[in-house]
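In the two assemblies presented below, subunit A is common to both, partnered first by subunit B and then by subunit C.
For the complex of A and B:
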């Protein structure tokens, strides 16, 4: 079944890198340019991958990149497709998937709050879980949680 | 007559035997409360029952880690409770942060922000430990040593300063329903 999905993607998109991870037969990882994410997501949605499982973000600080990972699931084939794309860490911007899936809002809001990634075209990137947070987004690798905790919570106010 | 009764030994004996617990659960410690309250261990043997409203409760049990966001609500709740009121810090998270000691979101030492009468150590403390803590609290109440709520009034400035250090915007609670 996975081969069918790989064929389908390869037949319609030329420059995508497709990996089937070892020991995980029901998964397909595709790495694409950030401009192509929406196009491929739309294509997969029309071909059975109707469910957006999650969007998540990885901070590759040494490369200077954020990696966005979109998980799509097909109820018929029972296959997970992960669309991976790397975006610039200094100017993290990506096109929103709101027009395709409404539930993208939750994930995009969270990634915006925790990593500082802007999603172009998403009107609702308001504060989400954190309350009165000042300073850099806490899930970035250059945020020192231990130091912040020691300064803020380990000493009494003077 | 009434004044001397309120602070007297008999009153304290009664107080120690009707500790009403505020049903406010934070963190993972809340999972130990259902077995303590239900028939196997049965907290009600000691006159301890869960209360829904802070106005009717005597004991605030902080069951586990507190994020800054929750701490704000806990302090509002604590200030709504009537005297005499007692705080029990449950689990290592309230003592030194526990396994969340280096998290950006959770406080480490509860007694910077609220006066704590009894601590329960461990992660997780079993229902037996909850009983041990309640019996210790009862003993302290009978001896007149559980004075956390008085200390909160005396050292109010200090507690407030510590709270303000972690709350950037206190007023946000009032905007909610």
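For the complex of A and C:
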């Protein structure tokens, strides 16, 4: 039950903002400070949320923040918990989740490439999908892909 | 012994799509595998941020080619959650029919690929031609064979045409009969058992820890299926089983898909028989001013590959602020391959990949 999960988190962590989204069953969204992410992820993992579904990033350029979103799933409770945290856009650094889940590697590598977020303690942040990319990370909001493709591929626009 | 590097791909023997793996071999035994994706990167997530909510519908299906409909369903569901609307019951049933046919079509592809990779070359010819009967149905229903652009926020694009139910039942009967033929040549064949048993084993604990989902997870003994655990479309009202096997090897991963085809046939028959009357779409905003209230939602469906999710963020404008696509192959194709391939013979590399059912366009997006 969603309420049980909310109680569980509230009982163990005080400074966490919990939202149960409207119209969405079996979902709990929690927002935390970036230092707390690993602790909460470990706590949830020990309490049945063993499946790391995904890690992703949202660029809130107007606020000057990146928002990292971690999706955890419990096979017993059948509930998805999204852990969200905001980090500075100028100095995007976050502690890696590698000690908890090996497979965090794939997601962290992708976010590092597409958003330029640096994961402290992850030794394998090598290029992933892009090849010989030298520009700014392309999923950032200030990268204009239309302009880029015009300059790169349209000979008349040059 | 001296090791050497071998490049496989991007036209790949073990996968439907462009993908490459760099193998480090000693003799014919794999020592290290480094997946190298990126050949199908089309920047869908970025594209979607620049197009209106309704204008994204025609592009999402292109994210996974063999199994396109989970994308459409996910995208539609994410927008519906943010708008706070529910599609009408008839639309939900039609979605279920489309999604299950898509699953069977995708599994047939996998059977063909896997059988081909172990030298049973007749099976690919059979499965690909049988898949065409499903594509005929899709053409009748949606106008498109591979990409359907059919499920959209609020419902589906068209009602079932006259004669569709009868034709769909004929195809199901035919497929059911064909499974016996496949048995004789493939599933019961000595060669398949000899080659696939004990290859690429994932045990139950590792499967959960490594983020394996879908049929691959169920082949390792975990009973989990989004269709039951977090029902969407009409799955909550239909009666079906979740097959589970415990071997966790390439053999079980293929056999579980065969069992799923049987269940899918069952689901479609029920949906065709019990489909309610009524409208097929809910009222949605004007396509030119399709504004979605701010918020975020994670929705997921059970695709033929595993957990397929969309995380959508809206900031109250007419375009999505961010769409993240969680493909099941992101884990299966990168992390699991790195873990499974070392120690296996070069000749088994392609069948391990096919047994995992990796879809590269889902990784690159």
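By our rule, the second predicted complex is superposed on the first by the 155 of 158 C-alpha atoms of A that agree within 3 Å, B and C clash if a C-alpha of one lies under 4 Å from a C-alpha of the other, contacts with A are read in each partner's own complex, and residues count from 1 in each chain.
The working rule: a contact is a pair of C-beta atoms (placed from the backbone, for glycine too) under 8 Å apart; a residue touches a chain by one contact, two chains touch by 3 or more.
Note that the coordinates shown come from a computational prediction; the quantities given were computed from them, not determined experimentally.
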| item | value |
| --- | --- |
| Most subunit A residues touched (candidates subunit B, subunit C) | C |
| Which superposed partner A:132 touches (first subunit B, second subunit C, both, neither) | first |
| Partner chain(s) touched by A:154 [first = subunit B, second = subunit C, both, neither] | first |
| Which superposed partner A:56 touches (first subunit B, second subunit C, both, neither) | second |
| Residues of subunit A contacting subunit B in one complex and subunit C in the other | 130-131, 138, 145-146 |
| Residues of subunit A that touch subunit B when the two form their complex | 130-132, 134, 138, 143, 145-146, 148-150, 152-154, 156-157 |
| Sites on subunit C touched by subunit A in the complex | 37-38, 41, 43, 45-47, 49-50, 81, 84, 208-211, 213, 222, 224, 229-230, 295-298, 300, 307, 309, 311, 313, 321-322, 324, 326, 330-331, 334-335, 363-364 |
| Residue numbers on subunit B that touch subunit A, as the complex places them | 68-69, 72, 97, 101-109, 112, 158, 161-162, 164-169, 172 |
| Subunit A - residues contacting subunit C, complex | 21-27, 29, 50-54, 56, 58-59, 69, 71, 73, 75, 78, 80, 82, 101-103, 105-107, 128-131, 138-139, 141, 145-146 |
